[in-house]
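As written, the chains take the letters A, B, C, D, E and F, and residue 1 is the first residue of each chain.
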Amino acid sequence: MLTTETRYQRGQRALAEIDGEAGQKVIDALADIAPDFARYVIEFPFGDIYTRPGLSLREREIATIAALCALGNATPQLKVHIHASLNVGLTRTEITETLMQMAVYAGFPAALNGLFAAKEVFASHNEIKAQSKVE
Amino acid sequence: MLTTETRYQRGQRALAEIDGEAGQKVIDALADIAPDFARYVIEFPFGDIYTRPGLSLREREIATIAALCALGNATPQLKVHIHASLNVGLTRTEITETLMQMAVYAGFPAALNGLFAAKEVFASHNEIKAQSKVE
Amino acid sequence: MLTTETRYQRGQRALAEIDGEAGQKVIDALADIAPDFARYVIEFPFGDIYTRPGLSLREREIATIAALCALGNATPQLKVHIHASLNVGLTRTEITETLMQMAVYAGFPAALNGLFAAKEVFASHNEIKAQSKVE
Amino acid sequence: MLTTETRYQRGQRALAEIDGEAGQKVIDALADIAPDFARYVIEFPFGDIYTRPGLSLREREIATIAALCALGNATPQLKVHIHASLNVGLTRTEITETLMQMAVYAGFPAALNGLFAAKEVFASHNEIKAQSKVE
Amino acid sequence: MLTTETRYQRGQRALAEIDGEAGQKVIDALADIAPDFARYVIEFPFGDIYTRPGLSLREREIATIAALCALGNATPQLKVHIHASLNVGLTRTEITETLMQMAVYAGFPAALNGLFAAKEVFASHNEIKAQSKVE
Amino acid sequence: MLTTETRYQRGQRALAEIDGEAGQKVIDALADIAPDFARYVIEFPFGDIYTRPGLSLREREIATIAALCALGNATPQLKVHIHASLNVGLTRTEITETLMQMAVYAGFPAALNGLFAAKEVFASHNEIKAQSKVE
């Protein structure tokens, strides 16, 4: 069982680093409906792909938010990854630049919806920061 | 007419730097069917978006090939931008990593078709290099 | 008018058997905006397609939830058909297996959103069952 | 700066004529997240495209609601343009006919979701009319 | 059998008027693989939808080419309908304007691919005209 | 290394059973561009998903061809899986019924393009059968 466990453990470390609590919530929400799928989410995207060398996490998140914004049918995942982009060090400007560029490839509605998703995530980040200053 | 011309000129410089001859061919092919659209392609994507600060051209091309690979319905443009990615300094590994990651967000067929598009572009690059050594 | 009526009647029987109340609600909601379209929904998908021999209703629902999960832009219809899948005898496991498989063809976000739609439908089924035991 | 301003001014006139208040709200919502993108929305779609000769605004809106209904991943923009379609003189029947036709090209779920979006917009229009009679 | 036949006959007249030979070729190509589907193509899109009042054929074709260009995954059908658009009286300019506008809603690659499809159809029309002058 | 090897071996058996030579060709074509991705294709879709209990291979292929036909942007993979559907025991009628049903959920062009892909695959199967009789 060594290697499967290792993919899983490697995936969990990557998930925690990239998506933080938001990622863990997705995993938890799968527990009662498709627990094996929770394992696959950790093992394949995070254990196999995000931990590969060749691209930095910053670059991987640019690719991910570009794709999710362009596809336009996965808003919850786009928000998780805008949050993740901040976690791995992208600036708000780098995120909005990536989303704006999608107007060229997927149309203005896709870019607008991506930008409004970012607006929500940035606002919730401001609240978290404000709270943590008070505490 | 100064500013419009400037957007157009700025766009032409960006187009030449990023897409090279492949970009110019697209513009030329539009001349007899939709010449105004040729101008828009130069002005908006290249004059307005690619020349913005905030993201490097390398990062912008990662976003573009991620989106075009994920959408999966624009193979000619994906090939132009895999070529462009090499022009602006992405390595072949960085390109294939970006395309492989799309399996997570758009499915394995999208990633496979992106990788096979890259295979074609890389092969034609090898030929160009081989030819230029001979000459 | 005999044949049109027959397609319509055949469609109504299929709609009632497959989608139950949820299907009828869709038809009713169309009454004031596009009544002819309500008729087409009954006649073509249900009167023409679902009543064809060659595939069982179980197999047809596997095809439908696979497609709607993969497309990812029709959550209300996906929920109606997850409900319908239970009606025609698919187990919860068969439904979640179908949705999980979509990670391969349409990406992990599409599969996740399909599974979360199933979670909602299954929960509302549990409530209905609990209520009907009490009554 | 004359020409850029002119595109912007021309775009603002077109935006006001076509989308009315709903369009201005979108522009305002971009102010704190991506103000340059607000400018692009006015300049390219409205300043460059909608003001072109060759198609009437009625015909342009038919094309837009057909595309947004078919794509199925941009409901907020579809609603803005159903509203816009009424503004530029399309009748409710012409709008629902366009949306119904999308069943052929993008499937019944896309058409249904388009029709239900229209139902909401038409209902809010009825309220606005009722209010303005009272005032 | 009267009404079904009537839908079929009405559909055949509409198919012949709108798509001409190109439509009949599609129907013929289905004969050995899915003859019932050939009948459905005639009956539902053409017998039910295109023959409805409320929109002119010109307007219906604007909606169709807009949707097919935006979806970007049905090039053969887009070409058939660009041809059909000419048949029902749209000018080349009206067709290219519709396709250009799709850059706003589905991105520049979708619009470019639509315009290049139109370029092909227009060229084949020129040949047909040239031939018929000679004969 | 036991478990990873086991996923890989299990995946190879599933790939051989389901996709046959066509699947192996895809794997081989990846060798020089993205060998790790070839491994992932074997491990995740085939080693993890297709070998799960809960759905028969016949049912899994119905789901796959439904999804690929509906998405409409992965014709090579659709052909591989129409071929695979025959391998795992679906009849030609069951395959065409599944594809026809997609007209309801993804539109007539998607269904037509799926049926024409099936026509090609069926024709190549006829040739293979004819050849093997001669040999």
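The rule is short, and it goes like this: contacts are C-beta pairs under 8 Å (C-beta built on N, C-alpha and C of every residue); 3 or more make two chains touch, one makes a residue touch a chain.
If you're wondering where the values come from, they're calculated on a predicted model, not measured in any experiment.
A.B. asks: Need the graph distance between chain E and chain F over the touch network, please.
C.D. replies: Minimum number of steps from chain E to chain F: 1.
A.B. asks: Show which chains lie in contact with chain C and also with chain F.
C.D. replies: Both chain C and chain F are touched by A, B, D, E, going by the contact rule given at the top.
A.B. asks: If every chain is reduced to the average of its C-alpha atoms, which one ends up farthest from chain A?
C.D. replies: Computed centres place E farthest from chain A.
A.B. asks: If you take the mean of the Cα atoms for each chain, which one ends up farthest from chain B?
C.D. replies: C
A.B. asks: More than half overlap in residue numbers between the two sides of the chain B-chain E interface, or less? Answer same or different.
C.D. replies: different
A.B. asks: Quick check: superposing chain B onto chain D on C-alpha atoms, how many degrees is the rotation, to the nearest 5?
C.D. replies: A turn of 180 degrees brings the C-alpha atoms of chain B onto chain D.
A.B. asks: Could you tell me which of B-E, D-E or C-F has an interface matching E-F, in the sense that over half of the contact pairs are shared by residue number?
C.D. replies: Comparing residue numbers across B-E, D-E or C-F, the repeat of E-F turns out to be B-E.
A.B. asks: Roughly how far is chain C from chain E, going centre to centre by Cα mean, in whole Å?
C.D. replies: The mean C-alpha positions of chain C and chain E differ by 30 Å.
A.B. asks: How many angstrom between the C-alpha centroids of chain C and chain B?
C.D. replies: 41
A.B. asks: Provide the C-alpha centroid distance between chain A and chain B, rounded to the nearest whole angstrom.
C.D. replies: Computed from C-alpha means, the inter-chain centre distance equals 25 Å.
A.B. asks: Touching at least two other chains at once: which residues of chain D meet that condition?
C.D. replies: Correct list: 36, 40, 44-45, 52, 68, 70-74, 77, 96, 100, 102-110.
A.B. asks: Under the touch definition given earlier, write down the residues of chain F that touch chain A in their complex.
C.D. replies: Answer in residue numbers: 1-5, 7, 36, 40, 44, 48, 52.
A.B. asks: In their shared complex, at which residues does chain F touch chain B?
C.D. replies: Against chain B, the touching part of chain F is residues 26, 29-30, 32-34, 36-37, 40-41, 44-45, 68, 71-74, 76-77.
A.B. asks: Which residues of chain B touch chain C in the complex?
C.D. replies: Spelled out, the residues of chain B in touch with chain C are 70, 102-110.
A.B. asks: Which residues of chain B touch chain A in their complex?
C.D. replies: Touch residues, chain B against chain A: 44-45, 49, 52, 54-55, 59-60, 62-64, 66-71, 74, 77, 93-94, 96-98, 100-106.
A.B. asks: Help me check something: in the complex, which residues belonging to chain C touch chain A?
C.D. replies: Those residues of chain C that touch chain A are 71-73, 96, 99-100, 103, 107-113, 115-116, 118-119, 122.
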